[in-house]
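Both complexes shown next keep chain A, but they swap its partner, so chain B is in the first and chain C is in the second.
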Partner chain A sequence: MALRDLSLQSARSLRKSSFPRSFRFRYNVSRNASTTTHDQDLEPSSSLSIPAPSSDLVKDFDPAERARKRRAELGRELPPSRYRFRSPKYYRGPLHPHQPPPPSDPTSRQFIPGPFSLPRLEQTYHSTIAPDLMTLAYTHFPPGYRAPPKAPRLRSWDETSPYHKNRPLRAPRGHTVLPLLRPPITWQNVPRLERVTVHAMVREALEDKSHLHVARMVLQAITNVRVTTHRAKGSVVGWGLREGRQVSVSAEVNGGDMWDFVGKCVDMVLPRIKDWQGVKGSSGDSSGNIAWGLGPADVALFPEVEVNYNMYPPKMIPGLHVILHTTATNDREARLLLSATGIPFYGKQVN
Partner chain B sequence: MSRHIPSATSSPLKRPISVSRSCKLVHHTQVRHATLLKRPKRPYTFTQLVTLSDGSTFIHRTTSPISVCKSAKDIRNSALWHPSSQKLLNVEEDEAGRLRAFRERFGRGWDAEAVAENEDVREGEEKVADRDESLLDLISGFGQEAEAQGQAKGVRKAAQKSGKGKMGEK
Partner chain C sequence: MNRLKILRSAPSTFSGLPFRPRASNALPLFRPSLQNPFPIQSQTSPFSSTACLLKRKKQRVKQDIRVRHIKFHLAHPITPRPLRFSRHRALRHWTIHRAWHTHLSQVRRARELDLERQYESMKGACEALRTLGEDGIGYTIARAPEPNEDGTVPLQKAQEGGEGLVVIGGSGKGEGGKELGRLYRLAMEKKGIWQGVPIEYARIQTDTPGREGWDHGWKR
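After this line comes the complex of A and B, so read on.
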């Protein structure tokens, strides 16, 4: 405490001494003079000087009465359905006279109101994480700097063989596809969380459909969004999978729900998992999307599931894959972003 | 003109089929000339106040109808997020040696030895072998005791078998 006081005092004295006397004097003058000298700069007109409305005008003002009169003139009031715009139920092509409004329009059938809340993690991202990431990724180029020319990303064939003619260009070394480019990070493209996919493949659903229903319920409770069901694309004999059977559910979480979900995971669910080391450092698809898995026991730790755990049949709660899609173009930056949000990583980090 | 008029034989056959098909389409699939604009379905969410273990609170939207969620174990008291915190480290405080004394007297055999040596047990293999021997002693001793008391031999056999199984696992 004493130390703090001392430091405060010293800071105060420093501040006093650092201002030159002339400056202080001028500062004081300008403050005191504002009442006298700057009056000419102010606009003379004021709303306070306008007189109040006359008493008879106030007496006549009765909007309810006026509305009643207007209705009496019309005869009868129209029902609300008659004059309110209703969006068409079907989109019947661009040439149809009755076009639906865009989904952002409140009259549209697809309109989603909101956002009504600013999630905690989103606030943290905008206030601290994003500026930090931008600072970390900053590279200074002196004025007049020109980036050295780079070789083309796709190699050309050396014309040693006549068969090289008209071939498409060669793939880059070490890749069959072009990896994403990393543009220099500015305030406009700081890596951010784009969306979260929560996915559960329920193998037991092949025999018993109720497993799928439970998985749907769990996913919806956890993520706050509606869940989509997926069918098997092909048959795998070893797994007993047949084409066209419903085997998995997934939820795409965007916006506020996404921030809530990630915040909930980090703050309450992941710390409760027993002997959890973190997300594996080699996780990621090398283009900035990172995933981890949660076992059935871990999914039961979500507060929404825990609240009415008895509602879910035992041993039917599924395991999940959580895939975080970021706008980062490589795993290193995505990992930096996620570790800033509080997700720990362990092991060797593969980029 | 005559070409456009369908033959009397074909039309009665075709018509009913097409009608039934269109009825099916209405129920199951989308017709191309009219795309249904679905109203988005969203589960109802409540605003919930979360109280973390250190007393800090925040609000978030969940499907859970409980208004206040108190958590006992979370990021604030998890050792993984606070690796340098002495409070969260699961270190046994045994200044007077009472816990050790208790373990020597009542504890399991392998625990007592590890504490007595005061060494990291994971280091050498010899120690592991010692432990296994002591375990074996315990099991065989248990069987002998039962025999001395004049109980059935089947019980002793079962005990020995289980002991061997454990050895095999390790």
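After this line comes the complex of A and C, so read on.
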């Protein structure tokens, strides 16, 4: 383009100065046919008419020096203009000189773009459920209240026997391990959903591995995360289980996927299960994690499985365990959170 | 040679098989086993004169084609290569990433502040109920309760206050009447709270909620 402009300019100047037309000039004109006919349509000004930079600018122009100064100011190098870095394919430990970039960096192999949606359940939690829970569980402490000191949680031995010397402390009353503390709920520690573990033990996988593959695919479709396969820790003769065989699959769901998964369960799957009473009231590990099970027929109700039901051999669709991990430290509060989310409970509630 | 002649004359009579269309100039050499006194036992491969032992084929369970597809797609190494950004695009991405995280932290902070505001107002309301006079107009000032030896005040003691109440305003009553602190006691009740939220209320927000909140007459 610049070359064309140049020839245009030269042509115009040449014509003005009534210079005898040389062969070369004629050649140029004939090549750019538009120059003669549409001369007035063209922009008269060009980059050549712009005055040259001033002398002091020219004198100061030192790109290398500028880059050095910029580096000194920033303390580090700017990302290069061309691609240079390649994230290592395998993590070789913290002492290796080649470290992968953080997952938020698009050059990282763990980089996931997004989020592209705002889950409804998350919005509901922040707008409705959290304030409700805080209000429901509110305990009033008048000003000036200071909690009385409690006895130590791990009791010591009364030194009635010489064998009590150097023993570890006694376990707490009624427990073999220390139960989690239960601080009063304030605006800082309203129980919330932390993560969901979806787990399926596939007993048929002992005979036929294809059950395991189907279970992996179903779990991956439902949860939108990559699935982990687990091996049997020990042998159980009665079940035909042998140590080291792959028998179960699980998926850890966090963040937006977690909200989506629970929302799907509450809105689309659980209401359509036949004769489903709810989650059993005694479910839970007494530290705020609540679980329930879904049969193979119920797993087929998940929309991802349902729309593509023919993709899976129907007899191989597994049953699942869904474990909801909450930040509540006891089952009572966790159950309150889940019931506010829309998961009903039935039977005697055990805390 | 003699046998060949016989065959030529009437081959179908020798075969002992049902009727076969007979080619006019069919060479009898094509079916030697019919009359061969030493037939090759169980020949499977063509152009081979040796007998190969027939291994019993293993009964293979035929795998479902869907399982094959599932296996293929689960094991397929389609890990995308990492993105490559030039300087300007990397800077642009970094800027947007930081802005997004700043926005998220602002949203989180706003939520926390809102919850704190609600908590504080709840606390103020409960404190007002606690110090409300018997007639609901005046308010009582509980004298500071006597602390224990270690300087702490148990909850029961702190709520009841010290010896005698100072009543300000109202009718002046309030010296430990039945109505004193009744609203506060009611507000502090936790009856039925841990039974859970009613299912009609525990519903996820939607863009298009139904006109009827809950269909109580629904039956399967």
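Operating definition for what follows: the second predicted complex is superposed on the first by the 253 of 351 C-alpha atoms of A that agree within 3 Å, B and C clash if a C-alpha of one lies under 4 Å from a C-alpha of the other, contacts with A are read in each partner's own complex, and residues count from 1 in each chain.
Here, a residue touches a chain if its C-beta (ideal position, glycine included) is under 8 Å from a C-beta of that chain, and two chains touch if they have at least 3 such contacts.
Computed from a predicted structure; not experimentally measured.
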{"item": "Touching partner for A:128 - first (chain B), second (chain C), both, neither", "value": "second"}
{"item": "Partner chain in contact with A:313 - chain B first, chain C second, else both or neither", "value": "second"}
{"item": "Which of chain B and chain C A:112 touches, first, second, both or neither", "value": "first"}
{"item": "First, second, both or neither for A:304, with chain B first and chain C second", "value": "first"}
{"item": "Which of chain B and chain C A:93 touches, first, second, both or neither", "value": "first"}
{"item": "Partner chain in contact with A:146 - chain B first, chain C second, else both or neither", "value": "second"}
{"item": "Chain B or chain C, by number of chain A residues touched", "value": "C"}
{"item": "Contacts of A:120 with chain B and chain C, given as first, second, both or neither", "value": "both"}
{"item": "First, second, both or neither for A:335, with chain B first and chain C second", "value": "second"}
{"item": "Chain B versus chain C as contact partner of A:102, first or second or both or neither", "value": "neither"}
{"item": "Doubly contacted residues of chain A, that is, touched by chain B and again by chain C", "value": "87, 108-109, 120, 220, 263, 266-267, 342, 344"}
{"item": "Touching residues on chain A, where the partner in the complex is chain C", "value": "78-83, 86-87, 104, 106-109, 111, 120-121, 123-124, 126-128, 130-132, 134-149, 186-188, 190, 208, 210, 213-214, 216-217, 220, 263, 266-267, 310-313, 316, 332, 335-336, 339-342, 344-345, 349"}
{"item": "Parts of chain B lying in touch with chain A, wherever the complex brings them together", "value": "33-43, 45, 47, 50, 52, 58-66, 69, 71, 73-75, 77-78, 80-81"}
{"item": "Residue ranges of chain A in contact with chain B within the complex", "value": "87-93, 100, 108-110, 112, 117, 119-120, 220-221, 224-226, 256-257, 260, 263-264, 266-268, 270-272, 276-278, 303-304, 307, 342, 344"}
{"item": "In the complex, chain C residues that touch chain A", "value": "61, 63-64, 66-67, 69-71, 73-74, 79, 82-88, 90-91, 93, 97, 111-112, 114-116, 118-119, 122-123, 126-127, 130, 142, 144-145, 148, 150-155, 158-159, 187-188, 193-197, 199, 202-206"}
